[in-house]
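Letters are used for the chains, namely A, B and C, taken in the order the chains are written, and counting of residues starts over at 1 for each.
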């Protein structure tokens, strides 16, 4: 179904197998793995416009960096459960419904652009960090805004349901800045407000801003501010208190990071032309992400 | 903003068509289910069994006083949890928004169809029911053979008008990320950063369809009026 | 179980019950302003559509068809995102506005114009249901067309349409929830926000349901009182 090198399957299954033999052995399946075994299917969620993590191509198939990673996890699950014909369902989600859907069992694994935060860890669990972002703002070059401080007295847009909302509220309180904010339902709406000069800036994760800009009519008109409101890790989201499934997710990702496979996936999506319009995000790997690959971890943002 | 690019809309047409098919499917099934359930509710409201009438009235008033959006979210998030609690299952049953929408719309629209059918039933002269009983019909026989066919025919234009409203209301499921017509458009619009073009196209298509449908209903109304 | 309403999302933020209360405020304010727009414009269009001038009738009909045949959700989007982008003058106007004011104004205009189409249908059929004799009686008394509408036809038509007008008013209140799609912080927006932040969907949706039912019942009672007050003895009974 998907193009995956034999080697990576071997590595992934070897790692998961070795990880599980010791701990689990013939242990009874619990949680998500049990559900997958019983229902014969796994439901992976994806986003529809989170470029380049998780979005739809021209045939409306989910593609992207996170989708590639999740497919590796699915392969590991197939190997672990010895279910090569496991049916894999893809379920689109939004930033507002992904957590309830995971909790109520509609989806088993969320592979999008979800911030792993300590706050969210009270509700859900996260696998190893596969991306690190800075929350910042995109502005028009012509606007004369060069720093967050220049936004005083202006209006900014952000997308409801994201961590940027609370972060920006906190920024306004601590800086006692007089900034008004309006919310888009999704990134495209928030960006449209910026493109139409309705707001001075769009506050969001830097990489998502880069995605919106690359897809816009005139990418050269925009720039991303170098400041950061917060550094946040992205990770695959799964249900809480599900050690068996988390182990598979974590070991699969750790394996990809150690083998260098992860870097190849990164290059494919962040520094090469991507579908559907063959734009290149030119978003080189940050030192923070390199560190996360060297020391795989699931630490959440404060 | 002068350079609108509607080419993107045409390229995405196969996907939009799939969304429109879902919307039509939802409309037809919700209308049929809603009319059936609504008719039962109407009969319950008019029933001489007090508790039954009260329950039906309470249900209709509840559904009619809360926004459809809230109903959609109730069914979507909470019904699986309730079912799990009731059945004591280990996991909540998982059905996606696209499926829960069918249940939601049948349950919600039934309240509106109920009121229409109630007016329809009441418009039939009591003597006809009595005539049915005189012929030895049971309650169900006189309802299904005498009252309901006439009530249904009398109310057909209003039922169809309500169905056109339902067709438009179906667009709200897009807020749950369902790929209905509006949902399909907004998904591709977001990916391609072409929100304006896609939403204008949606408005035009919806207008043409609803205009044609309500024109047809008006014609039908005239026809039925002549028969009477 | 009510503790949650006395907590806040984070320090310095209002408590949840205060958030819901402010949402309710926006809902009621939006509904009230939109109702005034809808009633005024709807009455005007309804009257125009019963007049002799075919041109005016056609314009009125076109308005009704346009606003009735496009889903409200799509209309909201067009008002908020499309129109300012298409017309520089509109964009300048909305950019000078406070963003919250702009959302409020957009919601009022969108809902008002949408509901006006429906009210105009009711007013038209209300006037149509009055016998031609009353109109002629007005003319016979020497009243002009405007005076006949003002003193003879409309007072009767409004009384006849109170029941459908009541349910349209309730529809309007419920439809304000759709304004959350343009980010207006009305009751439904706050409900979702509370659900998403606290993950206590039962509490949030339960509270919203109770509030909406209360509004609907209040609106029903008020319209019932009005209906009784204005009933014409021996003509249309105060009850239904």
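Note that a contact is a pair of C-beta atoms (placed from the backbone, for glycine too) under 8 Å apart; a residue touches a chain by one contact, two chains touch by 3 or more.
No experiment lies behind these values; they were computed from the predicted model shown.
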Practice task
Find the chain most remote from subunit C, comparing centres computed as mean CA coordinates.
Solution key: A
Exercise for the section: Give me the ID of the chain with the smallest distance between its Cα centroid and the all-protein Cα centroid. Expected result: B
Practice task
Report which of A-C and B-C is connected by more C-beta pairs in contact.
Solution key: B-C
Exercise for the section: Measure off the straight-line distance from the CA centroid of subunit A to the CA centroid of subunit B, and report it in whole Å. Expected result: 37
Exercise for the section: Could you grab the centroid distance between subunit A and subunit C? Build each centroid from C-alpha atoms only and quote it in angstrom. Expected result: 41
Practice task
Calculate how many whole Å lie between the centre of subunit B and the centre of subunit C, each centre taken as the average of the chain's C-alpha atoms.
Solution key: 22
Practice task
Could you list the positions in subunit C whose residues touch two or more of the other chains?
Solution key: 81, 85, 181, 192, 195, 201
Practice task
Note the residues in subunit B that touch 2 or more other chains, in rising order.
Solution key: 1, 77, 175, 195-196
Problem - subunit A: positions in contact with at least two other chains - result: 100, 185, 189, 192, 196
Problem - Footprint of subunit A on subunit B - complex, ascending - result: 1, 3, 11, 15, 77, 80-81, 91-96, 175-177, 179, 186-193, 195-196
Fill in the blank from the handout: Per the touch rule above, subunit A residues touching subunit B in the complex are 35, 43, 48-49, 51, 55-56, 58, 60, 91-94, 97, 100, 104-106, 185-189, 191-192, 195-196, 212, 215-217, 276-277
Fill in the blank from the handout: Within the complex, subunit C is touched by subunit A residues 96, 99-100, 103, 123, 155, 160-161, 166, 169-170, 173, 180-185, 189, 192-193, 196-199
Fill in the blank from the handout: Given the complex, residues on subunit C that touch subunit B span 65-66, 68-75, 77-78, 81-82, 85-86, 167, 170, 174-178, 180-181, 188, 191-192, 195, 201-202, 205, 208-209, 212-213, 215-217
Problem - Complex contact set, residues of subunit B against subunit C - result: 1, 62, 64-70, 73-74, 77-78, 168-169, 171-172, 174-175, 182, 195-196, 199-200, 202-203, 206-207, 210-211, 214
